[in-house]
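Scrolling down, you'll hit the structures one after another.
The two complexes that follow have chain A in common; it is paired with chain B in the first and with chain C in the second.
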Partner chain A sequence: MSQGRGRGYTLVEILIALVILLVVAGAMHRLLLSTQRLTRLQARQSELQSALRAGALVVANELRELGPHDLLRLAPAAVTYRAMRGVGFLCQTPTPTTLRVARQGFTGHRDPQAGRDTAYVLLAAAESTAVWQPLAVTGVSAGSSCPGAVRSGIGVTVPSTPALLGLEPGTPVRFTEVMELRLYQSDGESWLGARSVSAGEPVQPVIGPLAAGNGLALEYFSGAAIPTSDPSSIRGIRVTLRGQVDGGEREESLTTVAVLRNVARP
Partner chain B sequence: MRHTRSGLTLLEILVAIVVLGVGIAALVGTSGMTSRMLGAAKVETRAAQAASSRMEALRLAAQSTSPRCSSPAFASGGPVLAGGMTESWVVAPSGKVRRVRVIVTYLTVKGTRTAELETSMSC
Partner chain C sequence: MKPDRRGIALPLALFVLIAVGALVGGTFFLGRLEQDSGRNTLFAAQAREAAEAGVSEALAGLEAATLESTVIGAPPLPLGTVVLRPGVSAITNVRRLTGTVFLVRAEGRRLAPGGIVLASRALGALVELAPAGGNGEPRVVDRGWFSAY
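And then the complex of A and B:
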C-alpha cells in the first residue's frame, strides 16, 4: 500500500497544486507589478523634490544679489534683471578705452565676458551722489598684468570714455549681465528657463519639468511685505516652484523668499 | 523509508512559505519605507524653507527703517504656529552686527524635530 502511494501524485493532486500555484503566482505578479509602478513613481517624485530644491536655491541666490534698480521687467512667471557677475577694483589709472582690474580682490561667478557684460565704474564716491558709469565690455584679456605688488589682473576694453581718465587705482567696478528667468514650454513640458538677454541667447532649461501654467510663480513685495508692482519699491520676491509626477498623481511645491540685498541704506 | 521520501513534508513547505513571505514583505516594506522617507524629506525641506523665509522676513524688517534695525519687527519673537510648524526666533538686542537665530520645530512620527538657522546681520 505504501509502495503504491509513494511512487507519484494523482492527477487530482497535480491539478489542485497547479491551481494553487497559479493563484499564488498571479498574486505575486500583481504585487510585483504594483511595487514596480510605485518604485518608478517614487523615483520620479524624489527627482522632482530635488529639482525643486535646486531650483529654489538657484532662483533665490540669483535674485538676492540684486537691488530694486536691477529689476528691469516683472511678470508673474518671468523676471528680467541685471545679474551681478563680478566685482573688482582698478589696479591702475585707466585709459579712455582700457580698464585694468586686479585679480586679487575680484569676486564673482566668473570673469567678465566680451559682448555679454556691462561694466559699471564708480565715478563719484560719495554714497548719496554715487554715479556708476555703464560701459559695454567689448574685449577681455584674462592674463593682463597690474603694476606693483599686485601682479595679475583682468584687462577690459570698453568704448572710448573720457570720464575714465583720472580715476584712481582702487575704484570699484561691477560687471553685470542682463538675464531673464521664466517659465517656458518645450516639447509639451514646462521648464524653468534662463537666458542671457545681453548676449541675445535663446532660453536654456534650468530645472524641470514643472507644472504647466503655474510651475513658476513670482510675487513681488515692498518693505512692508505688501504686494507691489512698482520696481523701485520692491524689497523682496517670493518664489514658488510647482511640479507634478505622472500627470498630476503626486504634486510637489516649494516656496522660498529672497529679500534684495543690494538696497541703498535708507 | 520510501514513504517518507515521496514528497515534501509539511514542515518543508511551511519553511518555504515563510522564506517567500519574508522576501515579499521586505520588498513591499521597501516601498513603504521609501514613501515615509519621501514624506520626511518633504517636511524637512518645508521646515528649512520656513526657517529661511523667516530669516528673510527679519532681514526685510532690519533694512526697512533708518537707521537700520530700529523696527519693532526686528526683535525676538514667536512661537508662531504656521503650516504645522512652530517658528521662533532670537535677535541679539544690540550691536553693530546682530546675531539672528531661527528655530523651527515640527512633529514627525519619530517625535519632535527642529531645524535651526543662524546668521549675522549688519545694522
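And then the complex of A and C:
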C-alpha cells in the first residue's frame, strides 16, 4: 500500500475547492442570465420591429390609394378616410338597380359588401368629362354570371339610378369603405386600431402595444412638403409608429411617407 | 492507485459554452430573419416604385391618337418598358374598356442579377378620352389609379 493511498483531503482543501467552485459557478450563472436576458430583449425588439414594419405597410398601403377628396377627418393621431376596397368593370349593360361586375379583372382584397361599401360608377357625359357617381351597395350576389366568355361575375344591387341604363360593358366601378385609423387605449396599453365607420364597427387592434401618447403620429403635407391641415391641398402623409420594449428600456420607431396617388381624380 | 483528480471543470466549461453558444446562435438567427424580412420589404417597395414610375411615364407620353387606335376587347397595346436602374423596371400597356375609357397598366419588377423575379407589383390607371378642348384635340384625362393584385 502506497503512502498517499489512504490520505483524504483536508477540510481546508475541500473548503477552498468549494469556494472556488462557488465563485466559478456564480460567474457562469451571471453570464448565462445576462446572455439569456439579452436574447429575450433582442427577440422582443425584433418582434416590435416586425410589428412596426407590418403596421407601417398596412397604413401606407391604405393611404397611398387615396386622393385629397378621400380624406374626411384629420387629426395628429387619427384619420378617417374613404378606403379603396376594389376596382372592377361592368360585364353587361346594367339595369337601374343592378350592376354586374366581371370577376375576371376585378382587383381588391375582398368582394364588395352590402351595407358597408359604396360603389362609384364612372358615368360618361356627352359634353364634358365623366363623373364618378356614388351608389350605396345594398346587396351583393357573389355567384352572379356574366354573358359571353367572361362568365363569372359579381352582382351588385344599388338604389334605383336611371343614369346607369346607358352604360357600356367595360365601365369601371370602384368600391370604397369609410375607415378610421387611430391610436386607442385598451387595458392600459396603446394600440394602432382600425374600424369601419360605414359598417359602424368597434375599433379593432392592428398592431401594438405602441408607446403611450405618441405611438402613432400623422403629419399632413402639401405638394411643396409644407405641413397643412387643409384636406384639399394634402399630397402626402408622414406616418410614424413608435413602440417600446421592457417598459421603455428600448424604443423603436418607424416612419414612412404615403404620397397620395389619386390627386387628379375629382 | 492514484486518486481520480479530473474534476468537473471541463464538463462545466463545455456546458456553459454550449448554452451561451445556443443563446448567441438564436440571436443571430433572429437577426438573419429580420435582415431577410427587411430585404423583401425593400424589393417590394422597389417594384412598387417601378410600377408607379411606369404609370407616370406612360400617362405623360400618352396621346389621344394612340388611345383611338385601340379596339375594345383587343389584347393590350404595349407602351414600352421603363427602366429605373438595372434590375428595377416596369412594363406598361393600355387597353380600351369602353368608347372613351381606357386602362393603363404597369407591372413593376425587381429582378435578381440572374433574371429571377424577386418582387413584382402592378398598378392600373383609368384614363378618359374627354371631348375636345379649345384646340380641337380630345383630352386625355386621368380618372384614378389603383393597385392591381
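FYI, the second predicted complex is superposed on the first by the 252 of 266 C-alpha atoms of A that agree within 3 Å, B and C clash if a C-alpha of one lies under 4 Å from a C-alpha of the other, contacts with A are read in each partner's own complex, and residues count from 1 in each chain.
We adopt the following convention: contacts are C-beta pairs under 8 Å (C-beta built on N, C-alpha and C of every residue); 3 or more make two chains touch, one makes a residue touch a chain.
Since we're looking at a predicted model, the values are computed, not measured.
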Room on chain A for both chain B and chain C (clash or fit): clash
First, second, both or neither for A:Ala258, with chain B first and chain C second: first
Which of chain B and chain C A:Gln49 touches, first, second, both or neither: both
Touched partner set for A:Ala225, first chain B, second chain C, both or neither: first
Which of chain B and chain C A:Leu38 touches, first, second, both or neither: both
Partner chain in contact with A:Arg235 - chain B first, chain C second, else both or neither: first
First, second, both or neither for A:Ala77, with chain B first and chain C second: neither
Per-residue touch tally on chain A - higher for chain B or for chain C: C
Partner chain(s) touched by A:Met28 [first = chain B, second = chain C, both, neither]: both
Steric overlap of chain B with chain C in the superposed model, located at which of 23-31, 59-67 or 77-85: 23-31
Chain C-contacting residues of chain A that also contact chain B: 5, 28, 31-32, 35, 38-39, 42, 46, 49, 53, 265
Touching residues (chain side chain C, partner chain A) in the complex: 1, 12, 16, 19-20, 23-24, 26-27, 30-31, 33-34, 37-38, 41, 52, 72, 96-101, 103, 124, 126, 128, 130-131, 139, 141-149
Contact footprint of chain C on chain A as seen in their complex: 5, 24-25, 28, 31-32, 35-36, 38-39, 42-43, 46, 49-50, 53, 57, 61, 65, 67, 84, 87, 89, 107-109, 122, 124, 126-130, 132, 168-172, 174, 261-262, 264-265
Interface residues, chain B side, partner chain A - complex: 2-3, 5-7, 24, 27-28, 30-31, 34-35, 38, 41-42, 45, 49, 52-53, 56-57, 59-60, 63-66, 68
Chain A residues within the chain B interface of the complex: 2-3, 5-7, 9, 28, 31-32, 35, 38-39, 42, 45-46, 49, 53, 56, 223-225, 235-236, 252, 254-259, 263, 265-266
